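Both complexes below contain chain A, partnered by chain B and then by chain C.
For the complex of A and B:
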């Protein structure tokens, strides 16, 4: 199947899964490491993908939050994100998608204007978080924000046990 | 467009926007977008700009001065409005700045080994480099060298008078065997004594200008002169000293103007769109690939007529350039490159753009090659400078 749907799979016990979609491998790896270091009483799984659709050989569990990472220094990452968005079902956008824009701090390196990203985010009615993944001290607050959004997204879907556990952690 | 203006009000802007002001485009829009985003969740509209018309220079422009401004590498700075600056006091300013430079050099703070410390500064206005009648006149500051021999000749004449000899050339024969004075007089006798009013070599040039700076002019009171764009050519230390003097005297602030990749791609599109009779240089782009351990540079050169052909196929609205057209133009170049080399140029950073009209580097360096589009290029740069100030 080429389109990700939120309710395709059964939820797993005490587990929450985040899918990070972005072209910047090295930066995302650092962010993922800092997210996994955070204290959670339930299990957190993070998947990394360069783009959607996911290859057919991969069979991910039920995804609770998709984070699209756009690097403001590279037009390629924006184009990649726009193409990946087509492969996500519309019901995902009810609180299970958020956008992460990195690199806004270094204005001289920006290839994309900020309002291009804002327009995209507005079209998809999802939250946008600005960060600078190249700066190590921003990894912890960014990962905390993503986990908060994950918990919020999960709590909107009744019957998930993971959300209560995540908010405690 | 007009409906957006009615919905929000920015307290600083007292006058309303007229349709012909829209070619200033991005500055107004960007400012409005910042305020709009804070107040409501409005979808921002992409900027549009007008293609610069050729020969917008006014009739009273001195062609020699304009030629002097072309074909030189300028470093860009943005400058906040100058307080109580007056065009009639230029001689006074020259005198004060000369005194300041002498004092700074004597302090020993800006020492460059081997450099001639005798610099004289001249202020002059450059008429005609403006967009509308409201724009203040551009003015030029030049640092000229004073010839070192002027000083030597003064002392040697004194020697001649003391010894009671009127003809310096005879001194060489009569005092042969004494020390250095002999050598000085010999040099003098061979060549002509330089006159006091001789123009020295231009060491450093800086000029201030403002093209279509209406958005800034409207918000600032009468005491201030708005010349947001400053271009400097010459040694960095001189720029720093002269900048410090201006900052102290007129309570303004210089900041280096960097041009990001987004604006460089706009410049590339707008300069390719300019109609030229003949092309003096190829259209060249330079990208920097951000990869470790060492950075890689990709240089892409296109024949200017081919670039113009691509632009003509992309360009829809006459007289205006839109964001979509710029993106499409750059995407054409990227996809062509990808087809041959399988490298995504959109993942790299555009560092330098060079066309027959002008060339710009992301560090804020610019070289203008074509006098026809001088005003157009400066208008774009003024817009960027104003945006940085605001």
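For the complex of A and C:
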């Protein structure tokens, strides 16, 4: 079973990498575009994956933050997240993982209870952010929150230059 | 001209949107060119309609002429009706002998593609036919298929079926589990024509050249990890649904009937004689296109359940699932 490990690779200078894991491309793409617009100084790289394990597990990239995107309208999305979590090394959960739950605003479309996601997030001791990726005005605040978490996560690893560069932007 | 006929014509013309009026009147071909030229189509609709009705009176329009206008209106507005599909067959014969004392108005209009539009207004033994709730039948004469508009007057349905069967020289008629507003799509499904639209399509176009459904922008800061998976989904979707536009249906309905099965003895539900029933209905402005886009959008896994993908192939959108 291939697993992502945070320390497999050395951090590169002035580079930070986010991995977004989620089933619906349309939602992820908006978020990615917004994040890249907000980040202008450093080299931010974003990997988009539908699920884990990554196909390129032979030579996995260094990942500084994993964001699991769960669409509350889709049981398939939750199931995909739960299965992908098994492929993440435990040490990632020390500040390098966060969850994004989208779609809570339209309660009639939700097929997943918020309680289910909260329970999942507690199990993995990671932060949870609610947003509505279908609404354009949420992209900027969501991407700023993610970039902040990324900076926090990076600053916990000594010798990382990237976090300083990110917070300058 | 009979007062009821005048009223019928007036109400029919009132339904016609202004931008279609001239086209429909020309298709009706009842009023002469000279008469049409005397009409001011820019006046208020009410006065325009009164003028048209007067012209029809001059020409002594009959009930049949009025019915024909109604057929043409319906042909232009097919989507306002829901169409059922009937399949007839020649088999062990049923001898129909029925005595039909009810008054009906029947009108015919032939169109290209060997289709006959039949309009039937139903009455009873004692009342005149109700012209405002007719049933329409579209019959393709070289085929055993007829499409009928779902009528609110259900008691006439068996009679209509029998009449159709006899008139078309068949012996049995069966209602197919297929229903939609879109007559063209029903036709495409029933006659299996929906996959012949792009006969010259080059199916060897490499996948990379096709639209993978996402914006693979040239930004090198974005790395898509699951390209292979996306291609697999695209491939399966294309194999299942083809490259052609899907016929248009608005819903698919699944009725499930099953008896409760349990390992526990003496369970109340297990002793229940009546099966448990469940109804699931999928609705969409364009159901098959929506199903086709589920896997590429990441909302469902590919391949989709065959219960969904078999719809055009099996020519059904009403399913009954029972225990074997």
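What we mean here is this: the second predicted complex is superposed on the first by the 161 of 169 C-alpha atoms of A that agree within 3 Å, B and C clash if a C-alpha of one lies under 4 Å from a C-alpha of the other, contacts with A are read in each partner's own complex, and residues count from 1 in each chain.
Keep in mind that, in the parts below, contacts are C-beta pairs under 8 Å (C-beta built on N, C-alpha and C of every residue); 3 or more make two chains touch, one makes a residue touch a chain.
Please read all numbers here as calculations on a predicted model, not as lab measurements.
Overlaying the two complexes via chain A brings chain B and chain C into a clash.
Contact with neither chain B nor chain C is seen for A:89 once the two complexes are overlaid on the shared chain.
Looking at the shared chain after the overlay, A:61 reaches chain C, while chain B stays out of its contact range. Contact with chain C, but none with chain B, is seen for A:32 once the two complexes are overlaid on the shared chain.
Within the superposed three-chain model, A:51 lies in touch with chain C and out of touch with chain B [touch as defined at top].
Once chain A of one complex is fitted onto chain A of the other, the partner contacts of A:23 extend to both chain B and chain C.
Legend: residue contacts after superposition of the two complexes on their common chain; A:43 is shown touching chain C, with no touch to chain B.
Of the two partner chains placed around the shared chain by superposition, chain B and chain C are both touched by A:74. Comparing which residues of chain A touch chain B with which touch chain C, the overlap comprises 23, 74, 76-77. Contact residues on chain A toward chain C in their complex (touch as defined above): 22-26, 29, 32, 36, 43-51, 54-56, 61, 74, 76-77. Chain C meets chain A in the complex at residues 213-215, 219, 221-226, 228-230, 297-301.
Remark: chain A residues 23, 73-77, 79, 107-113, 115-116, 118-119, 122-123 touch chain B in the complex.
Against chain A, the residues of chain B that register as touching in their complex are 33, 37, 41, 43-44, 46, 258-262, 265, 290, 330, 344, 346-350, 362.
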